[in-house]
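Following this message is one structure expressed as structure tokens.
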Amino acid sequence: MAESEPTPSSNPVLWVAKPLVTAARQFGKSLFRPSTIVYPFERLEDPKFRGAVRVAPGKPIGVGQVWDNYRGVHALNIDTCISCNLCAFSCPDLCIDMVTVPGGDPRHPKKCPQIDYGKCSYCGFCSDACPEGCLTMTTRYELSVSKRADMIYSPERLREVFNAKLPMSPIRVERPKNEDAILLDAPLCIGCNACARDCPTKCITMVDLPKPVPKGGEKLPKRIWKEPVVNDSDCVRCGTCISVCPKECLFWGTHR
Amino acid sequence: MEGEELSRRLVGKFPAVVVEPFRETAGRVRFPPEILLDLFREMRDGLGFDHLGQVGAIDWVEEREVFYTLWSDREKQYVFLSTRVPASAPHLESLTPVFSSANWHEREAWELVGIEFDHHPDLRPLLTPTGYEFHPLLRSFQLHEPEGLEVKVRDV
Amino acid sequence: MSEMWINMGPQHPMTHGLWNLRVKIDGEIVLDVDPEMGYLHRGIEKISEDRHYNEIITLMDRTCYVAGIAWEHLFILAAEQALHVEPPERALWIRMLSEEFQRVASHLMWYAAFVQDIGLMSPFLYGMRDRDLVLDLFQSYTGGRLTYEYMRVGGVRNDLPPGFAEQARKVCDWLLDRFVEYDRLCSGSDIFHRRCDDLGVVKAQDCIRLGITGPMLRSAGVPRDLRKDRPYAAYDRVDFDVATAETADVTGRYVVRMEELRQSVRIIRQALDWLDKNPGPVMADNVPRWMGAPYAPVGREGYLLKREYPKGVGFSAIEEPHGEALAYVVNEGGEHPYRVKLKSPVFVNLSAARHYLVGYRVADIPPIMGSVDICVGEVDR
Amino acid sequence: MGRLSAAKPVLTTPAAAPTAEDSPLPMATEPAVPFIEIETLRAREFLPAAKEALGSLLSEQAQGKLIRPMFNWAGRNSLFPLHWGLACCAIEFAAAFGARWDAERFGVVPRSSPRQCDLLIVNGTVTWKVAHKLITLYEQMPEPKWVIAMGNCATGGGPFRTAYSVVPGVDKLVPVDVYIAGCPPRPEALLDGILRLEQLIKERKE
Amino acid sequence: MAPLSLYGVANTLVSTLLLHLAAVLPAPLSTLASNSGLITALSVLLFGAILLGASLLNTILLIWFERKMLGRFMDRRGAMHVGYAGLLQNFADGLKLFRKHTFKPRDADGLGFFSAPTAYMVTSIVMFGILPISTGWNSGSLPLSLLLALVVFSFAPLFIFLGAWSSANKYSLIGGMRSAAQMIAYEVPILLAVVAVILLSGSFDLSTIVAEQRNYWFWGPLFLALLVFVAGMLAEMERIPFDLPEAEAELVEGWNTEYGGMLFAFFMLADYARALVGSYLIVLLFLGGWTMPGWVPAPLTNFPLAGILWFQVKTYLVFGVFIWVRASLPRVRTDQLLRVGWMRMIPLALLSIVLAALVVLAKCLPVFGCVPSVGG
């Protein structure tokens, strides 16, 4: 049974003795160095707070090494981005759109994520889902604007955050072991090369099929005699080939 | 108290009751809507399930299911009871005479999924914005991003 | 003075959230009470029917914003039962550690709000300062201060960073002697006892009849705690005792919550020792493929299912800092849950407002409401 | 999960049932609370004699150079926000007034009555049910007033913007001066937003 | 050196100014310099201006002192970024409130709504003129200055109630009733405690009271009266633990819910002016005003403005105790407050009068080593 406080003391002076003494002790401790961090000039991620837990009376209270995997504004490395749309698919708030990045050959424009920070809830799903690790979350948290449109960060602005070299999260997310692979439902495929063309990591190669000899009178199906083969180690499981295939003959499955 | 022992004691009194095992609880009881009140009186007084956990409702498009959770301090276990009412006439007897704490639960089930609880003390809307005459948790209600609202600009 | 209805409306320093208490008073005495909810009803259950299982975690954090990770834990237990997935051993212990840290943070937030209602001004600052320490620990391993998005179906997002246990033990020591200081500031002063003794009394039988759970029930002497009666995560392998009090009034709830703070620190220490000794995986390996974000998510237009996925139903009940919270998830084999039903303990505790408010004075309403520890987010969902 | 495109609903819904497009937008149809109709006595008319006297004594340009900057300095260094928390951002709003990030250093003291406030920090999800109460509070605040939309729920509805009961952004109800991104924004981000508002007041010379 | 008096300073200032002015002005105006009626009028005006200015600055300094000390109790820094260490913060608050619009709710009655704060402000500012802070500081020997001070001090509940009732708001109505009940309940013990002081000092004039305390301060023999007086002052100033009318938790802002802008600035400034005046009264009646005990070394007590400085130091120490109490105690409920006021405070005050009488009796036989002129 929890020991509750003794019944209130009868002597009126003792009524208020304990709280007054406690408040006085706190006054003494924080007279010269209260535990306030003077924000614009001192920041919690400054090195002097980073060390150990400053959990001593009168010191600015804080726990060091707090900042490594704080989920703040994103940083995008446009060069390593393979525009596989995984971040856009995995965002629960639909705040990532793939926009074309200027530069590069006009026929195949490169698409990179543009993030609208008015809708993003900083959940970190996109940085977990990014197979190349080019979209990571930095520890920058200040983002206050006077116009709503300034909150939409184009890929170039995200690259500037990347160039600012802010500390990023060292913790990588363990992916489940039983990832499925892309399987082919052979008879349906017409060899149209759509999946190989659109695969972001170019891990689908078209292998030519031996043209079967038409036995008896039945007609050969009109198709290109090629078949996609998926290189399982490079595949980032982005599902673009499944959604792009006109005949819907690719599907998730396991090799067992 | 596992599923079979509960079914043995219940089926004796209520033949129309179906009891099946349910992981980590005393069992899952499916009962017809008519025997609601006396089944719950029996559960509370006879079997000692004296605390009503929750009253929830699910819309299965052609019929609507109402499920209850009871907790017994004696056996330290939950029991799950559920019944189904047709979507055309979603009427069900209110549980407030047996468990008075069901009041707010039933108000929420009524306004979200549209199950009319008869003889309920005051069936007013509780959560949805005032003057809202649609039951949002029905499958027929679709979520959409509201358009056509213009932004207020400051007349400096 | 004739009776008149006054609105302790959505904007009132006492409410600590968006709800309106319509009170009928005659002079100073409260005659009738009608709590008006729904000002923060965001339709979370409707939105979660539209999202993948792991994406619902972002909604659960924001359902009860003072006990975010406890609500994540609630939903994840139900979802794992519906999807037939078993998390590894270490993930269970990390989840229990997070829930106990969240209980400390939630009770400190309660303490800061409760004492401010009685008139004490400085403990609000002490409470928030010490709560920031716990939030720093959360931030070092989940990445967020208030919204963690840390638990996944099948385990947790990542393991504890190196050097976390040593800092956590330092914070526990700091907190333990702060609790002594809180007690001296509050229950040490006689004015607190005069203000809070036999106020808002809810006896044991009334609690059970009204369905009240959590510290309000335990302050009436009923030692009911889901962590002991129906252990989940790793609570059966940790020893702690259930805090109860006899007086069933505001002071009793204060004593119960302060005792629960100490018990939580005790559990945290045991969990830290166990976690140090047995490293291991934190994520199950039979997580179903089509789980969606953040693993390889499915295509935008939906998933070309070539095979039927197992249906299932999940039910979970945890001892959330405010009381017993229940969750019920129906999985109809698709990528999204067919129905998610959440029950919040404060929803029931608040529905019994007429029982513990009528008959007291207007000046007593804030301490009583403070002792009920209302988190409006989980009531309105 | 093409959930939001109305064209291809993922939910298994029978075609016949009325969709949300037919039902009117769930505006709060409850008549606005008959709040006190304010007979505003603008301070400027309140002292017409003093204005003319001052005008004649100091030239308009000197008045602009001396009086307006002084009041501008005073207005931006003592912003009194309304003591009102809506949702999760209210917890970070309270933490900003805690011991570690003391917002009172900038003269920001939360007041309970809208009469004495000149800054409305909307910290949380605005639902249709609370919409007209928020507008009432905004109108009760005396004139030089500003609004900070703290967090994504106030900026654009945040994670709940598709919900049936949530206003997608408080700028649909009241004019907003500063938007703070974050879900919830850190207390430092709130302080950064307040400093940006002070900068804005200085530039706009209000 | 003749004791420095504020009126003397003002007089010399005005006369020298007029002399210089006369030398410059053409013939008919130069006779002004010697016109004694004009000199006294202008010097009285200047004397009033200096007094008012100094007192208001002192009040604003008191607000700054409270915000910083309360911050230190709460382990945080008070106002910091406006002016050096937050000194200009209260000027910024005042200026901003001065410029805001003044709302009059539709069914609030104009006369009461506007007159209440101004009257409340006036009665608090007038107190600075009555209370002498050092020998020459102001009106000097006014025979019934203590009685006048207490009468003006007890006007406040009327204006608070007027303001509360005329702002037609349920919350402020309840708050106004509570504050009126509380202040009236606590005025009686204050007056009785003052009677004990008068018994010992023999006169209503504050200057003679302070003169009496030359060699021993009254808080020694009248400790019980001091306690009653301090509790009464806490209730009069509506500070925690007796600040129920303005209790944020229940009634939003208590009786000043409807006041914004300039009117709210009047209420706030008047609140702290009354707090300063309350501390002045405690220091004058019990802590020996501007006199210094013998053991303080000579150089510290005879520089020209020693009296005012020591008086201010004592006042701020007394107010520090009030801040300490505010930072550590919860609020008392209304009925407990009134019960303590009527049932506990008045008997204690009567007891302190009896004790004072005993002390006066004892003075005939020098027990305490204190030999006051009265009755000797």
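Order of writing sets the chain letters: A, B, C, D and E. Residues in each chain are counted from 1.
The definition used in the following text is that a residue touches a chain if its C-beta (ideal position, glycine included) is under 8 Å from a C-beta of that chain, and two chains touch if they have at least 3 such contacts.
Keep in mind that what you see is a predicted model, and the values were worked out from it rather than measured.
J.: If each step moves to a chain the current one touches, what is the fewest number of steps from subunit C to subunit D?
T.: Tracing touching chains, the least step count from subunit C to subunit D comes to 1.
J.: Please tell me whether B-C or A-C has the greater number of C-beta pairs in contact.
T.: Output for the comparison: A-C.
J.: Taking the mean of the CA coordinates per chain, how far is subunit A from subunit C in Å?
T.: 27
J.: With chain centres taken as the means of their Cα atoms, state the distance from subunit D to subunit E in Å.
T.: One centre to the other, that is 39 Å.
J.: Return the distance between the CA-based centres of subunit C and subunit E, expressed in whole Å.
T.: So the centroids are 49 Å from each other.
J.: What whole-Å value do you get for the distance between subunit A and subunit D if each is reduced to the mean of its CA atoms?
T.: 31
J.: Pull out every residue in subunit D that's touching 2 or more other chains.
T.: 3-4, 11, 83, 98-100, 102, 105, 112, 127, 129, 159, 161-165, 169, 171, 177, 183, 186, in rising order.
J.: Would you please write down the residue numbers of subunit B that are in contact with two or more other chains?
T.: Residue numbers touching two or more other chains: 128-129, 136, 141, 143, 151.
J.: On subunit C, where are the residues touching two or more other chains?
T.: 12-13, 38, 41, 43, 46-47, 50-52, 58, 120, 122, 124-126, 129, 132, 147, 185, 189, 191, 194, 292, 298, 300-301
J.: Among all the chains shown, which pairs meet the touch rule set out at the top?
T.: Pairs of chains that touch one another: A-C, A-D, A-E, B-C, B-D, C-D, C-E, D-E.
J.: Applying the document's contact rule, which stretches of subunit B touch subunit C when the two form their complex?
T.: 22-25, 50-54, 56, 58-59, 67, 69, 71, 73, 76-78, 80, 99-101, 103-105, 112, 125-129, 136-137, 141, 143
J.: Quick one: which bits of subunit E touch subunit A in the complex? Just the residue numbers, please.
T.: Subunit E residues touching subunit A: 69, 71-77, 80, 324-325, 327-329.
J.: Flag every residue of subunit D that touches subunit B in the complex, lowest number first.
T.: My answer: residues 3-4, 6, 9, 11-14, 17-21, 23, 25-26, 28-30, 127-129, 161-165, 168-169, 171-177, 204, 206.
J.: In the complex, go through subunit A and note every residue touching subunit D.
T.: Answer in residue numbers: 34-40, 43-44, 60-62, 92-94, 117-122, 141-148, 151.
J.: Can you list the subunit D residues touching subunit A in their complex?
T.: 4, 99-102, 105, 152, 155-159, 161, 169, 171, 177-183, 185-186, 188-189, 191-193, 195-196, 200
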